[in-house]
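Each of the two complexes below includes chain A, the first together with chain B, the second together with chain C.
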Partner chain A sequence: MDFFTHFLAVYGSLINFIGINALLALSLYVTLSAGQLSLGNAAFAGIGAYSAGVLTMHYNAPFVVSIITGALLAGIVALAIGLPVLRLRGVFLAIATLGFGEVVRIAAVNLDITGGAQGLVGIPNKTTTWMIFLALAAASYFIARMRTSRIGWSFESIREDETAAAVTGINTTYYKTLSFTIGAIIAGLTGALYAHLNYIITPGEFGFSAAVNLLIYNIVGGTQYWVGPLLGATLLTSLPEVLRGIGVTAGPIRMCVNGVILLLVILYLPNGLVSLFGRASARKTKVRADSPSGEV
Partner chain B sequence: MEVFLQQLINGLFIGSVYGLFAVGYTLVFGVLDILNLAHPAVFTLGGLVALWLVEGAHLSIWAAFPLAVLFAGLLGILLDRIAFAPLRHRADSYFSGLISSIAMAIIFESAALGIFGARTVRFPAGTVSMHIWRFSGVTVTSLQVEIVLVAVLLMVALTSFLHRTRIGKAIRAVAESERTARLLGIHVDAVIAWTFFISSALGGAAGILFGLYFDSLSPDMGRSIELKGLAVIVLGGMGSIPGAILGGVAFGLSEVMTVAITGTSNLRDAVAFTVLFLILLVRPSGLLGRGRIREA
Partner chain C sequence: MMLLQIDRITRNFGGVCALESVSFPVERGTIHGLIGPNGAGKTTLINVLSGLIKPDSGSILLDGAPIHHLPPHRIAALGVARTFQNIRLFPAMNCLENVVAGQHLVAGRPLFPRLLNLPSARREEQTYREQAMACLERVGIARRAQVLARSLSYGERRRLEIARALAMRPRLLLLDEPVAGMRRRGLEQVGDLLVSLINENMTILLIEHNMSFVMRVCSTITVLNFGSTLTTGTPEEIGQHPQVIEAYLGGAGCHA
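Entry: the complex of A and B
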């Protein structure tokens, strides 16, 4: 128990950040699972974070109200921009969501209520570790269940071939918007939790590099299965600590390691690190299936 | 009126640098349908290497410029070999190519950081001789004129290269249809390598001009132009070279005009990204749409 408390004291904030990043990665996973490449999820997290922070600080709203409002507001914005934007495909969708993200960031820099470029400072610290991981568990459970539901199958068929999905009678606009909105709600919720964890939020935190990081978590972990983004986020968030542990402190090298990992994964493991486990178990079942003949 | 005219001229100068940068972006997109997010990193390295040649190797800028541009072009070939060529046969190559270009961007940026350090640097005073001309209240420096001349020269060279030479025609053929080009006996891999060489060389040239114009260079300078470049190519029409030039100038003008009208630089990017977002919604093919692209 002593070891555990000590561990928490040293790595507590790292553990919190792993939880936050894993949640954000999951939010993008939902959108990716319907084949939609969105780079707007960091901005949705920003909308959640700022609206929750402003509610708590300026309107003395209870914590729960702030969090829920943050999540819902992100969802509403996603619904509003999702309908027109999701007509775009592939790279064009990515660029449009990127443009949207920049507009949100610039708005946060220029508005008075968000504290401008200095950010929103002095948000009361109300988020605790168990809340983050409760949210993570709930989101994971929800997404895992969704996979085998009508919604999940629809997402998957749109990802595989949108035209074919539409031909089989799936309302692609509805499901694409749904995947975008669910992702935004999870991102907004996470942003709201993050705002009450970190005391200060700044517009830059929700910009382009944050959006790209979420994508990297998903790619490194794998986008075929919900465990992928969790694995990717955990690994890459704790990587700097691990590297520090083995004596690598130089910033450029740490950055380079990130890039090399991403490159190796996309070149050799297109389905992410999760597919390593998948492969191993697939081989095992194959061996088992083969073994009777092997024994003869 | 004089202020207006001055802003118009400033917008043209910076716009020509944006155009040069965006032409490289759009060339790769036109040929491969891949968004090369490592382009900004090549832009940065081009500028930094030119600075090193001037400062470390004591070359004149007129010798350093072509050498650094050559270096940037070679980086492009490296980029193609490592990050794009292995993925070319994949069905989702637009997506995996995007990811591997992000990986290469991280690796290049970390290299820039490791080699040149994190500080902001500038070309030594007197690198380019400075004359200042005034015409009825409007100020033009010789540096500005040189930048525009170099940019225009490079764009004219590119256009005649694409239309007059065998390789240029082959590039346009591959952009039209890779399969048909292959059937006609065009060595597609070599053509793509050429495309990357030219695209990255132009990106590097833009980096040098950018560094000279703003009198500052840093390992993360690519980030400031990365999203602007995207806005420019969307505005002009993805894959269209005249569109990218036109978009660059329009973007440069919109920037200085926004600053001149609002009196602050805060909203400078907001206008641009709102326009980007709206164009994608209303006319995703941009000003000079896809029909024109393929003519390049």
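Entry: the complex of A and C
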């Protein structure tokens, strides 16, 4: 017990960051599972963070209200920009969502209510570790179960072949927008939690590099199964601490190590770290026949 | 009794007229063949029928209701299923999952019972899964249920695509070269399958280059040439039609 308390005192903030990053990685995973490459999730987290922070600070809103409003507002924005933007495919969608991310960041820099470039300072510290991990558990459960519903099947059909999905009767526009919106709601929720964790949020935290990091978590962990982004986020978030432990200080070396890991994963584990844990779980065999070799 | 009425469908791609005022009816409960030389517009017509391409003009009536302005998923919901000439499966899913994904219109799978993992949802899933297995059995690849779609042979992919279409329980099945690349045994099996589907009140519009297959299974055949309907008739009439022989079957005649 003594050890545990000591461990938390030293690594508490790292553990919180792992939870936050894992949640953000999951938010992107939802959108990726429908085959849509979005770089807008950091911005959705920013929308959630700023709106929740502003509500708490300027309007004395209860914590729960701020969090839920942050998540919903991110979802509403996703719905509004998703309909036009999701007409684009692949890298063009990525660029459009990246542009949206910059719009959000620049807006945060220039508005008064967001505190400008200095950021929103003095947000009450209300988020605790258990809240983050409760949200993470809930989001993971939701995503894992959703896979077996018509929504999950539609997402995967669209990812595999959008045209074939459409002629199978799947309303591709609806489900693509849904994947974008669910991702944004999770990102907004995470941002809102994050705002109440650190006293301060700044526009730069929700910019380009954050958006790309989420993608890297997914690629390193694997995008075929919901555990992938959790693994990727955990590994890459704790890596700097581990490196510090063995004498490598943060800075350029950290980026270098991240790059090398990404490269190694792409080269040797194209399905991500989850594929280390056996093919069955890595490739989400959702449906098994009762007797694999039995019939005919 | 007409299930499908194609009326003066025209579609241009740039300056190329892919379909020019194509009209013909498809009778309910029949296998209707659609033949013609390469580039005659057969696949374009199937794309128009399934909503992937909008016609420039003309109309398509399914059971008397216009469908030519609808998006693909709405047309599918009206009971029109199709396969693709260049096979479009869900490659990272296994065969059974492909068919299960194809059940979108017939299987509920609502979110909330799934979130709670209710027993009713599990029972429901068991039924859907058995239905999906039945589709695989029907096309003869049930023992390959656990194999990834991308690992299947060419003929098996064609069969799986038909199984996925059958999972939609369509009224009208549009098949774009379903037996291309199949050998005699496959031809016979798919031919028997199509005939059995007709007996279950399905209607099939079939594009195929294998003339003996077309002549064997189709009760009516429409010939397209350079985007226009050349003629529509029974296999016997088509086989003897001088313009058809000239345009499509060639001077040597038909080997059917």
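The criterion applied here is as follows: the second predicted complex is superposed on the first by the 277 of 296 C-alpha atoms of A that agree within 3 Å, B and C clash if a C-alpha of one lies under 4 Å from a C-alpha of the other, contacts with A are read in each partner's own complex, and residues count from 1 in each chain.
As a convention for this text, a residue touches a chain if its C-beta (ideal position, glycine included) is under 8 Å from a C-beta of that chain, and two chains touch if they have at least 3 such contacts.
What you are looking at is a predicted structure, and each value in this text was computed from that prediction instead of being measured.
Asks: Based on the superposed arrangement, let me know which partner A:Leu215 touches: chain B (first), chain C (second), both, or neither?
Replies: Only chain B; A:Leu215 stays clear of chain C.
Asks: Once the shared chain is lined up, is A:Arg145 touching chain B (first), chain C (second), both, or neither of them?
Replies: The second partner, chain C, only.
Asks: Now for A:Ile253: first (chain B), second (chain C), both, or neither, which partner does it touch?
Replies: It touches chain B, and chain C stays clear.
Asks: Under the stated touch criterion, which partner chain does A:Gln224 make contact with: chain B (first), chain C (second), both, or neither?
Replies: second
Asks: First (chain B), second (chain C), both or neither: which does A:Val103 touch?
Replies: It touches chain B, and chain C stays clear.
Asks: If you stack the two complexes on chain A, which partner ends up touching A:Asn171: first (chain B), second (chain C), both, or neither?
Replies: A:Asn171 sits against chain C, while chain B stays out of touch.
Asks: Which partner chains sit in contact with A:Leu262 here, chain B, chain C, both or neither? Use first/second/both/neither.
Replies: A:Leu262: touches chain B, not chain C.
Asks: Chain A touches which residues of chain B in the complex?
Replies: Within the complex, chain B touches chain A at residues 29, 33, 35, 82-83, 86-87, 90, 94-96, 98-100, 102-107, 109-111, 113-114, 118, 223, 226-227, 230-231, 234, 238, 266-267, 269-270, 273-274, 276-277, 280-281, 284.
Asks: Per the contact definition, I'd like the list of chain A residues that touch chain B in the complex.
Replies: Of all residues in chain A, those touching chain B are 37, 84-85, 88, 90-92, 94-96, 98-100, 102-103, 106-107, 109-110, 208-209, 212, 215-216, 219, 250-253, 255-256, 258-260, 262-263, 266-267, 270.
Asks: If you look only at chain A, which of its residues touch chain C in the complex?
Replies: Answer in residue numbers: 141-142, 145-146, 148-151, 153-154, 156-157, 160-161, 163-172, 224, 283, 285-289, 292-293, 295-296.
Asks: Show me the residue ranges of chain C that touch chain A in the complex, using the header's touch definition.
Replies: Going by the criterion above, the answer is residues 50-52, 71-73, 75-77, 81-82, 84, 88-94, 96-97, 100-102, 104-105, 107-111, 114-115, 117, 125, 129, 132-133, 137, 142-143, 145-146, 164, 168.
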